[in-house]
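Next up, some structures in structure tokens.
Next, two complexes with subunit A in common: one pairs it with subunit B, the other with subunit C.
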Partner chain A sequence: MLNSLYVEGDSRLHRLPAGPKLLLVLLVSLAVFLTRSPPVLGAGAIAALGLYASTGIGARAGWLRLRPVLLTIAVVALATVLLGSVEEGIVALLRLTTLMLVAAAVTATTTVGAFIDVVSRAARPLERLGLVRADDIGLAVGLVIRFVPEVLSRYDVLKQSHRARGLRLRPTTVLVPLMIQTLKAADEIAAAIDARGIRAHKQPTENQERPT
Partner chain B sequence: MDVRFVQAGASFEGRVAVHPSTLSLSERRIGIIGLNGSGKTTFARMINGLVQPSEGLVTVDGLDTASDGDAVRGKVGFIFQNPQNQIILPILREDIELGLRSRRLARSEVQARVDGVLGRFGIAHLADRRVHELSGGELQLAALASVLVTEPALVILDEPTNQLDLRNRRLVQETIDRLEEHVLVISHDLELIETFDRVLLFHEGRILVDGPPDDAIGRYREIAAC
Partner chain C sequence: MSSRDLVLAALFAAIIVALGLLPPIMLGFIPVPITAQSLGVMLAGVVLGARRGTIAVLLVLLLAAIGLPVLSGGRGGLAVFAAPTTGFLIGWVFAAFVTGYLSERFVRSSQGAIAQTAGFFVAAVAGGVVVLYLFGITYLAIVSGLGFEKAFIGSMAFIPGDLVKAGVAALAGRAVMAGYPLLPARA
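So, the complex of A and B:
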């Protein structure tokens, strides 16, 4: 079940350290809101698509990975058209698609460990101020990234179970077990984090089994 | 390595999982056997503080598992029944490194330790592999490496040969036999623990036999046959 969004490769983006890549995501997320011009945003989306393709992920795997997010973006764009105008819908579609492609390119070329390292380093000044535990922030971000493919895998297994038993997919029979399974997996990971002393600076009280 | 239970027991929502018991565990290789639900895993989790005693006291080299949890877990490594639950990050090398993160060691030392533990278990070639691609035996060795990189004095393995084919089972047994650390193994695989120094037989939350493997295994066979 334990899978990864990381795609092995040796592209230019793979060789770039995680810090500059996260900075790129930040800059792109700001840049797409500096313009409302569909041609400019369209050019940005094409460039982002090129960046995503340069990771070597392949068309089919790349499409399958982005399909659920694209569906969500399509819904948002459609709602924007209905509530605003066609032009606003196109702008929303292009902005979100560009962001999604750049973020997908970065996650495909950066290991979870590299993410944890860079986020922990970035949070270190806040730790010095006594506001956070930098390693915890890094670990939390890493775990979120780690759980994305796991949730998708669990959804696939549930879908196959429905098919095997001749059942129709219904939100109640998919989402509820998916949530329960994900929470259970999160509990198991929390226990593993405690058992391996990964947060050794802190007493493991939150996840510890407490007998009565 | 000295583990002590002083009238220590664990209950969950009124149900007694482990009845209070007093004993000391210091042998190098200890086995725990018993039927499903007999309290084996709860007992083992009490040793590294994953389960705190609801009464009594558990200590490891004098450290209280309830109040010195971090220090205890530094001494006692725990490998879960399903090693997939043990492994947190998807690439093996990264996952093993994660165990050292809180120690804030120099990058070169982290690398050296990870390479050392991978080499020790003969899995250096798997370092950059994705964990979900590993076989059952490889996964068990990976979980072992992820725990032993922190250099615990005692390693607890919960059913390490569960669901392994014969080849992988042998691989894991040979690895456990070669471990220099103290080991405590929970197992239904009686062959695995038959040469151990001491075996505890659990039944309905109590230690029914505590002694040489032959005594405990013989009694276990009688119980299982009922």
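So, the complex of A and C:
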């Protein structure tokens, strides 16, 4: 149902750890705003395209994946040409396209697991401040992935019950039972998590009896 | 944060993701398809309140960032944060927070149905329209070089639809509060 956008492969970018790759995206996002020169930005865009192609995603899949984002970039670039100047439009187009390509290359070469490791590691300092528990991030991500198909099948049941009663689907008559049914499961799931002690080892309010 | 709060936020994130995958539901009187996940963002604030609603939205964005196609139209990956409309995605977080915060302030279980619905509507408009567009338009103005005024005019076409969504969020939020209240009470 929820397939990741990771592309199997063994390119140089695949072998690079996730942390440096995210740093690359960050640096590119800053670098494209350092210059306004179309030739420099154009060269950057071509390099980014080369990087995206090096992931081995293939022309067709690579194009389909980026089409929606590219469309909004094109619309805004066109609006900038019409309302501002041609140069401004080209600069906006090249900046965002470059960034989009580098970002898509990183997404295609990094597994969900590798990302979660990086995010959890990045959250450790926040954990020390008591803002977040790093292990909760992976747990929550897993829960969302697990429950999306469940929500969709609940929606199907609601659609069928509307049809059986000859009712038209209306936002409130669908959304309200969908939310209540889904959220009512929370108590059971939370009890299951606590019963398995998945989060217990770091619960500060509980007795620290278990050696860790 | 209790396990229950964590699970509620995760379940709501799943609802927001599902809203992006479902076919649009048309409202009877206006031809506005109710697909958009921005409705889910308002609902997160209205139903779960500020803290859990914000976490639900953060989870959706995290899933998108780590390469899952969870945004409407099957979009996902880091590339969606390179679009001129990225400001609206970032704005989701603050929209859910403001909607939730105001809902907790305005709506009480002792109020009548109309007062509750009105409170939720004001909260959803303030968070899901005013705050959301503040982020979206500012970002659009900066990255496109269009300037604030033109970016605002370009985005105005979407505001009526979002006001309708705020209305739906208010009605649905009120009904959930009546059926399965989750909104934290604030004095």
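Operating definition for what follows: the second predicted complex is superposed on the first by the 134 of 212 C-alpha atoms of A that agree within 3 Å, B and C clash if a C-alpha of one lies under 4 Å from a C-alpha of the other, contacts with A are read in each partner's own complex, and residues count from 1 in each chain.
Keep in mind that, in the parts below, a residue touches a chain if its C-beta (ideal position, glycine included) is under 8 Å from a C-beta of that chain, and two chains touch if they have at least 3 such contacts.
All of these numbers come straight from a predicted model, not from anything done at the bench.
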Which superposed partner A:Gly166 touches (first subunit B, second subunit C, both, neither): neither
Contacts of A:Tyr6 with subunit B and subunit C, given as first, second, both or neither: both
Touching partner for A:Thr110 - first (subunit B), second (subunit C), both, neither: second
First (subunit B), second (subunit C), both or neither touched by A:Pro39: neither
Touched partner set for A:Leu96, first subunit B, second subunit C, both or neither: second
First, second, both or neither for A:Arg196, with subunit B first and subunit C second: first
Which of subunit B and subunit C A:Asp135 touches, first, second, both or neither: first
Residue contacts with subunit A in the superposition, subunit B compared against subunit C: C
On subunit A, the residue positions that both subunit B and subunit C contact, one per complex: 2-4, 6, 111-112, 116, 139, 143, 146, 189, 193-194, 199
In the complex with subunit A, residue positions of subunit B that touch it: 10-14, 17, 45, 48-54, 69-70, 73-74, 77-78, 80, 84-91, 93-94, 97-99, 101-103, 130-132, 146-147, 150
Subunit C-touching residues of subunit A, taken from the complex the two chains share: 2-6, 25, 29, 65-66, 68-69, 72-73, 76-77, 79-80, 83-84, 88, 91-92, 95-96, 99-101, 103-104, 106-108, 110-112, 115-116, 119, 133, 136-137, 139-141, 143-148, 150-152, 155, 168-172, 174-176, 178-180, 182-187, 189-190, 193-194, 199
Touching residues on subunit C, where the partner in the complex is subunit A: 1-4, 6-15, 17-18, 21-22, 25, 27-28, 34, 39, 43, 47, 55, 59-60, 62-63, 65-70, 73, 75-85, 140, 143-147, 150, 154, 168, 171-172, 175-176, 179-180, 182
Subunit B partner contacts - residues on subunit A that touch it in the complex: 1-4, 6, 111-113, 116, 135, 139, 142-143, 146, 149, 188-189, 191-204, 208-212
